[in-house]
Every structure is written in C-alpha cells, then in structure tokens.
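What follows is a set of structures to go through.
Both complexes below contain subunit A, partnered by subunit B and then by subunit C.
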Partner chain A sequence: MNQTKEILKTIGFTMLSIGLFLVLWTFLAVRNPDFLPSPLICIEKLGQMMGRPISRVSLGGHILSSLRRVLLAVFFATLIGLPLGLAMGWSRKVNAFVAPIFEFLRPIPPIAWIPLVILWFGVGEVSKVFLVTLGAYVPILMNTVTGVKMVPPVLLNVGRIYKASNVQILREIVLPAALPAIFAGVKTAVSSGWMIVLAAEMMASRSGVGFLINRGMEAYDVAMIIVGMCIIGVVGYLISIVLTFLERRLCPWKTNLE
Partner chain B sequence: MKKHLSLALMLIVSACMLFAGGSKEAAEGLDPINVSHHPYIHGLPTIVAENEGIYTANGLAPNITMYGGGTAQNEAIASDAWDVGTTGMAGAVLGVVGYDMKVIGATVYDGNTIDIWVRPDSDIAKVKGQVEGFPDIYGTADTWKGKRIICQSASNCHLVLLATLEKFGLTADDVEIVDMTVAQSYPAFKAGEADVVGLWAPFGYLAEQEGWIKVSSANAVDLAFYNLIVATDKAVKEKPELVQRWLKTYCEGVEAIRANQEEAPSWLYEFSLDEGITTTEEDCVKEIALRPFPTIEEQKELMNSGELKDLFLTFAQFLVNQGNLTQADYDKLATGDFIDTEFINNL
Partner chain C sequence: MADQKAISASIEVENRNKARERRKLLMISLIGLVCFFGIWELVVRVGLVPIRYLNPPTMVVRTFFTKLMDPKPDGATIPVHFWASFRLALCGFVIAVIVGIPLGWIMGYYKIANRLIRPLFEIMRPIPPIAWIPISILWLGIGYQAKAFIIFVSAFVPCVINAYTGVTLTNQTLVDVSKTCGASKWQIFRTVCIPSSLPLVFTSLRISLGNAWSALVAAEMLAATQGLGYMIQQGRNFVRSDIIICGMLVIGISGALMSAGLAFIEKKATPWRTEK
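So, the complex of A and B:
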C-alpha cells in the first residue's frame, strides 16, 4: 500500500515538473514567438518531420544514424579503454608509461580534433565515429583504472594465498570487482558520445540528429532545432534507462549494496 | 561472470550490426554517378531530372548528396564522395584552388538576391541615389561611416558590401564588420544586433517581410554572380563520358524548369520541404523569378567569351585581398584551365 503511494507520489512530482516546464516554455514563447516557438508549434513540427523524410531519411533513420555512430564509437572506445585501463590500474610500470600521454590528451576536447580528423579521414563515417571514440574512451579508461586500483586488498590477498596466477587474479577477482566502475565509465561514455556525435554530424553529414539541428539552423527553422534538441534529450534518457537495466543485470551485487 | 561479459559483448556487437548501414546498389543497366548539390535552387534541376525520368533516360543512376555549403562539399572531394555537382562562387574558387575542381557550366544567377539591409529607422535609409551612376544605393559616406555590419566574410555578401563602401570612398576600416554566417546573421540582426546586415536568398525574403530596407545589392553595384556547375578533376580525367552525360541531364532538368515556370515554384517548394528547408510557396515563386537559370546557349556565351572566368577572377582577387587566398593561388587560377568548355560546347 505504502509502496503504491510512493510510486504515485513520484509520478505526481514527475508530472508536476514536466507541467511546470511546459508552462514556463509556453510563457516565454508567447512573449517572443520568433525566437522560441511554443511547445504546440514544436509538436506540429515533430509531426511534419515524422510524416516527411528529410533529405530522403526518415526521422527514425536520422535517430538510428546517430545512435549507430555512438554505439560503434563506444564499442571501439571499450576495446581501447578497457584493456589499457586494466593494464594501467594493475601495473605501475604501464601506468607510468601511458599516463603522461593520456593526461596530455585527455583535456583536449574532441571538437578540437575536427580539422585534423577531416584531413586524416575525410568527412565520411570513419571521421565521425573516430571523433566520438576520442571522447568516449576517456571515461571508460579512467573508470577502469580507478576500478582496478580500488579492488580491496583482502580480495587480492585471498587470490595470492591460493596461489592464483596474475592472469587468474585479474580475470577472477579484479575484473569482477572493477566491473561496476567500468560500467559507470561506459554509461558516461555513451552520454558524452551522444553529445559529441552532434558536433561530428555538423561536418558534412547526410543524416543524424546533428544534421537535423544544423539544417534547422541553416534554414532559420527554430522549431526544427528545438525538436532536434528534444530528441537528444529523450534518446539520452532512454539510453540511460537501458544502461541502468543492463547494469543491474551485469552487476547485481552493486544493486544489492545500493 | 563470463556469462555476463559475453552478454554485454553480444549486445554491443548485435547493436552495431543492427544499425550498420548498407550501401545503395545502382539500378541495373544504369551507370552510377555521385552528384553533389546544396539543398537550394541550383540543386533543383537534378531533382526535376530524377523525378521526370531524365536521369534514367540518359542511363544514369545518381547518388545525390546535399551539402550544407561549399566548404563541406569541397572537403568531401578528398574522400571521392562526389563526381559532379553545383556550388556557389566562393565554394568553386576554393574548390579549384584546393582540389583542382573543374568548372563545366554556369547555373542560377544570384545578382538579384545578394543584398545589404538596414532597419527602417536607420539613417542610411533616409537618402538614396547620392552616388553618381549608382541610383539604387542608399545613404551617404557619413551615414555609412562607423556602422556595425553583420556580414559573412569572404562571401558574395562581403564583396557586395565592400563594393558599396567603395562607392562612397570608404573601406572596411571605416566600418565595423562582424563575421557571421548568413544563417546566423538574420536572427542576430532580428534580435537587434548591429546596424546593417548582408543577406542572400531566402533570408532576403524574410528581411522584406520584416520591413527592412534594401540599401544596396549586387545589382546596385553592378556585380554579377553565378552559381557554377562543377566536376572533380578525377571525374573529368577518368570518366569524361559520364560527366558529359550528367551535364546533359542537369541541363535538361534546367530546360524542364524554364519550360514550366508555373509549376517550377511548387517543385522548388516540395524539394525544399524534402530537404528540411522551411519555406513558403510565395518565396518559391520569388526564387524562380529572381534567380534564373541560364540556357545552354547562355552558358556557352558566358564560358567561351571569358566572362565567367573574369567573374571568377574578380571573386578570387577579393579572396586574396581578404587573406583567404595567396597571390600564388590567384596566379595559378589566372593562368590555369579550370574552366573546361568542352562539355558544354558538346551539348
């Protein structure tokens, strides 16, 4: 009974928050409709965009294009970040060797790479995925290093007492113990990848949510820009839900601790 | 543990495979060609040609890409993304210099739609015709001096602005130029920024609706601008026959537009909406009327007489003055054979 009450309360607060946001948006839109179209106009625009492909790609196709780039980039970022992070967290020598370069590259925003990426890979898919990968590998690597370093020494000692090899300790103790941190890194990588993909799609793209926002800007179609922004928000939120679900499946002990 | 890791890996790989794009296959018996345009009026002949079956009739299967502007279009040459297409004057000059692009024809005339605007209460708008021989320019040297002007640098608008200032004996140093793309210039000026703004179509139509005053234009300062039909150096060298057939197809699209002036605005309207460009049917009527397509004969005249090259070099010199090109680039253009008249003369 109490649980139902709590759920209803949560839904109530969520609805109130969305309602207030829409009221504020409408209030501002009425005052200056040229610069901020009302929610209704944006919904109408969304309807148009759903009913008519833009540049021969449906709205769903644009969203999938962006999503594909982000997922591919996160896949490659995991391929790079996970083993490197494990090695850096496990071995001081590897850490001393890689950390200076990593710390030097880490603060450079992926967008700053755009001119070089265009020179190296042109303006096709490779450059876009590469750019997102540049932004996505950082949180995965950092979280993996932290996750490995934070493995409780008692667990490692147990492994050593049982004469487990380094590979066994890494595989059976360190990796599972660091998994929640690694997963948190992947979650952050997906979010930041989703942000970077928009910038990547502004360079000669034929599809994607970034392309839609850019097209809206070129044509002074503020409603299209806002619809694009809302799509980012909604898809980002859905991704977060999916990742939280995956995290619960992959790291059930973490959920239990929470 | 292993089960969980495998699940995660499988999910990621499956997602990637699910979203992996497939390549378009060219229709059987048709020669594929990569075509590049901008989502504006000079891309329309290709769309008309596609819709009217002209591409198929000429044995071509086009893979059409609409680029937001000349810069992105030029950058795409490096990855062989396109063979033929159309672009603006600035894009063409930079494409020829940077990528050995070839000009194989002329399309949409832009002289009627590159304009300089002020708000109705501007002192520039108070007087007109003060410069001898240029009756359509507003203002005086005093009213222009010190003005804050939003204008896309190294663009047609910029050239028109400098030509306007020159008529009053002024230079860019006498005003404050704020560099902004035309798409950003319109909302910035609308929001109250600056005293003067340089715009081209379709933003000029919005400016008209706002009641702003056109105080100068390409026509007013006797500048002519054409958009250009271009091909990559590689396409010209490796598949000239395809380039020839494509130019024929594009020009047949142009002829279809010229022959159907009543229907053409609705074609443009539909094309714009398909490309996500919000417009009105009224603006499309203006576009068709104000931005005419030259005929094949007019193109031949422009190209064979050297007029197009002169216009091109005028713009290139402007880019040299702005620091976007070097004198060596200009000299290369002046002595080069970037205008290839063979294709248009074969039509």
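So, the complex of A and C:
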C-alpha cells in the first residue's frame, strides 16, 4: 500500500515537472518565436522531417548512417584494442613498451584529431570512421588492461597446477574473468563514439544526425535543431539500454562492482 | 643468528632483483618512446609520407617555439590562443560548479526538489554536450557566450548528478549519530552530508572537465576567431600539419595539466580521504 502511494507520488511529480517545463518553454516561445519555437511547432517539424527527405536522405537514413559509422568504428577499435590490451595486461614488458606512447597520445581529445584526419583522408566516410575509432579504442584498451590485471591470482594458479598451457589459461581463465571489464569498455566506447560522430558530422558531412543539427543551424531553423537534439538523445539512450541488455546476456557471471 | 643472516641476505637479493626488474622496464619504456618518435621522424624524412601530411617531431617542436612569438599565419600566437580557450573553459566551468553542485546537494537532501528536478535531468542527460553547439551558436552568436554556455552544459549535468549521488550515499550511521547528539537538519546537511559527497563531486569534476575541454575544441573549430580549436582548424586550411600537430599537443598537454591541478585541489580539499 505504502509502496504504491510512493510510486504514484513519483509519477505525479514527474508529470508536474515536465508539465511545468513545457509551460515555461511555450511561454518563452510565444515571446520570441524566432528564437525558440514552441513544443507544438517542434512536433510538427518532426512530422515534416519524417515525411520528406533532408538533402536526399530520409530521417531514418540519417540515423542509420551515424549508427553505421559508430558500430564500424567500435568493431575496428575492438580489433585493435582487445589484443593489445590483453598483451599489455599479460606481459609487463609489452606494457612498459606501449604504455608511455599511449599515455602521450591519450590526453589529446579525439575531436582535436579532426583537422589532421581530414587532411589525411579527406572528408569521406574513411575519415569519420577513423576518428570514431580513435576515440573508441581508448576505453576498450584501458578496460582490457585493467580487466586482465584484476584476474584473481587464485584462478591463474589453479590453471597452472593443472598444467594448462599459456594459451589455455588466456582463453579459459583470463578472457572470461576479464570479459565484464572489457564489455564495460565497449559500452563506454559506443557512447563516446556517439558523441564523436556528431562532431565529425558537423565538420563535414552530407548525412548523419550531426549533419542534421548543423543543417538546422545553417538554415536558421531552431525547430530542426531541437528535433535533431531530441533524436540524438533518444538514440543514445536506446543504445545504452541495448548494451546493458547484451551485457547481461553475454556475461551473466558479472557481479555488481558498486 | 645464522638463520637471520640468511633471511636478510635473501631479502637483499630479492630487493636487488626487483630494482633490476624496474630498471629493465624503464629501459623498455624509453626504447618504446624512442622507437615511436624515431619512426615518426624517419617516415617523413625518408619520404614515405609527404611532409604536407605529417611533420616530423623536430619540426613540430620548432614550430611550437616560433608560434610562441609569431602570430602568422592564423593571426595569434599560441599563448593568446591558449588564453582564449582557457578563459572560456574556466568561466563556463566555474558557473556550472557554482550552480550545479548546490543544486545536486539540495536534490539529494530534499526529496521534493529531487522529484521535481530529476525528470528534466533524465531527459537532458543523454544529449551529448556537442549536440548543444548549433543551438547555442544560433542563440548566443559565435562569441564567447556561446562557448561558455557549451562548457556550462557539459559540466553542469555531471556536477548535479554526482553531488546528488554523493549526498544520498552518506553513511546513515553518521546521520543517526548527529541526530542523537541533537544536530539540526541544516547542521547535518552542512557538516555531514556535504563533506561526505565531496570525493564523488571531485570525480565528476575531473570527468566533466575532460568532456568540456573537448566540446570547447569542437565549438572553436566550428565558429571562432581565436582559441586552440580555431588554430588547428586554420592549420588545416593552410595545409600546415606542423601547426595542427603542435596545436593538438598543446590541447592534450594543457588538458592533462588541468586534470592534474584538479586532482591536487581534491587532495587539499578532502584530506580525510585515505590513499588507496
């Protein structure tokens, strides 16, 4: 009984808060409609954008092309980051060799690579995927290294006692034990990739959600920008839900770290 | 006696082995760095990669020293660009901290505030700060306000959320003790809840500073007349890879320094926190 009351209270306050927000928004929008279109106009704009393609790509097409860039980049980032991370976590020598170079490059935000990457590969698809890969491999690599280093020594010793070869230990013990950490890295990589792809698309692109909001800016169409931002937020949120679901399926033995 | 001698001797051997191992790893690290810079220098000098695309490290260092004084070709020296970016970052960041952290504290302590404000946060949270760039340029122009606003947005959300989480995670025993000793609600809030949230707050500050710094670079690349992001964007327009790489390194190093500075302040501000 008490619990249902609590839930009802939460729902009520949520509605109240969103309602107040919408009222405030509409109030501001009525005063300067050029500056801030009202929520209704934004919904209308969304309908319009769903019906008519924007620069020859439909709205779904824009979302898909951004998603494809991110997923492709995360795939490449895993291809690079996972083996390198395993090697760095496993061998102190490899770690000593690679870590300083990595630490030298790491503080440079991926977005700061944009001019150089455009200079190298032009403004095409390659440069966007490369940029997102640059941002995505960092969390994957770091989490893999930590994951491998945190494998309980007891497990390793059991493997050694049973005379497992190094390859067996790596495949049967280290990889499963490190998998939750690695997957957490992939999760971070996808969400930061979703941010980097925006920046890359805003700089130079013909498609993608970053292109959408930049187009809105160039056309002085605030409604389009707001719709684009909402789409970016919703897609980002959905991605994180899907990844959490996958995580539960892939590593059910993961104990909550908190 | 003899046993003890043997033990101390073996400890000595062990220590010596450890020191040797450390020296070896240090050597490997140095070799790694030398290889990295050597290959970088060589591929350009030999001509595998045209100098337009990649400048060797020696030239980048030289460009850095000339750019310290020389405003050509993008109109300002490195210190001027750096100051332009740094001032913006500081301004937006300080406002976000001043507004965001108390808000998070209040949300953590007063249930009604949390219930009212929280839903709006959950809606705003998934939107990356970079997505705010176009709208803030339309609203505030390409001047410093738009960029300060972007920094504000990227730092504000993590500040509020972590200050909130920090307060809610306060050890209940401490709260009970203060209640028993007759502390008022305000006293508990001020002397128990706030200090116990500080470590989380500082973590969020470090994370959001990194985000804010890269969002600022993006904003400066899109619309600015000054700043480090503008400098590297101009480097691309003039096809001067030395300026781009030099700018990237300045951005990276200053970002790392700022985060180190915050870590230092954290240590001073939360002296009760034991090292792990």
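Going forward, the second predicted complex is superposed on the first by the 220 of 258 C-alpha atoms of A that agree within 3 Å, B and C clash if a C-alpha of one lies under 4 Å from a C-alpha of the other, contacts with A are read in each partner's own complex, and residues count from 1 in each chain.
The rule is simple: a residue touches a chain if its C-beta (ideal position, glycine included) is under 8 Å from a C-beta of that chain, and two chains touch if they have at least 3 such contacts.
The structure displayed is predicted, hence computed values, not measured ones.
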Inquiry  = So in the superposed three-chain picture, is A:P176 touching just subunit B, just subunit C, both, or none of them (first/second/both/neither)?
reply    = first
Request  = For A:L71, select first, second, both or neither according to whether it touches subunit B, subunit C, the two together, or no partner.
outcome  = first
Inquiry  = If we overlay the two complexes on their shared chain A, which of subunit B and subunit C does A:F35 touch? Say first, second, both or neither.
reply    = both
Task = Applying the touch criterion given at the start, work out whether A:I54 contacts subunit B, subunit C, both or neither, answering first, second, both or neither.
result = first
Ask   = When both complexes are superposed, which of subunit B and subunit C contacts more residues belonging to subunit A?
value = C
Ask   = After superposition on the shared chain, which partner residues are touched by A:Y220: those of subunit B (first), subunit C (second), both, or neither?
value = both
Query = When the two structures are overlaid on chain A, which partner does A:T244 contact: first (subunit B), second (subunit C), both, or neither?
reply = neither
Query = After lining up the shared chain so the two structures overlap, which partner does A:M203 touch, if you call subunit B first and subunit C second: first, second, both or neither?
reply = both
Message = Looking at A:G122, would you say it contacts subunit B, subunit C, both, or neither? Reply first, second, both or neither.
response = first
Note = Both partners, subunit B and subunit C, contact subunit A at residues 35, 118, 203, 214, 216-217, 220
Interfacial residue positions of subunit A with respect to subunit B in the complex = 34-35, 49, 52-56, 64-65, 67-68, 71-72, 74-75, 78, 118, 121-125, 172, 175-176, 179, 203-204, 206, 212, 214-221, 224, 246, 249-250
Ask   = Touching subunit A in the complex: which residues of subunit B?
value = 1, 4, 7-8, 11-13, 15-16, 19-21, 39, 65-68, 72-73, 75-76, 78-79, 81, 183-184, 186-187, 190-191, 202-203, 206, 273-279
Message = Under the stated contact criterion, what part of subunit A meets subunit C in this complex?
response = 9-10, 13-14, 16-18, 20-21, 35, 92-93, 96-101, 104-116, 118-120, 194-195, 198-199, 202-203, 210, 213-214, 216-217, 220, 222, 225-226, 228-230, 232-234, 236-237, 240
Footprint of subunit A on subunit C - complex, ascending = 25-26, 28-29, 31-33, 36, 52-53, 112, 115-120, 123-135, 137-139, 210, 213-215, 217-218, 221-222, 229, 232-233, 235-236, 239, 241, 244-245, 247-249, 251-253, 255-256
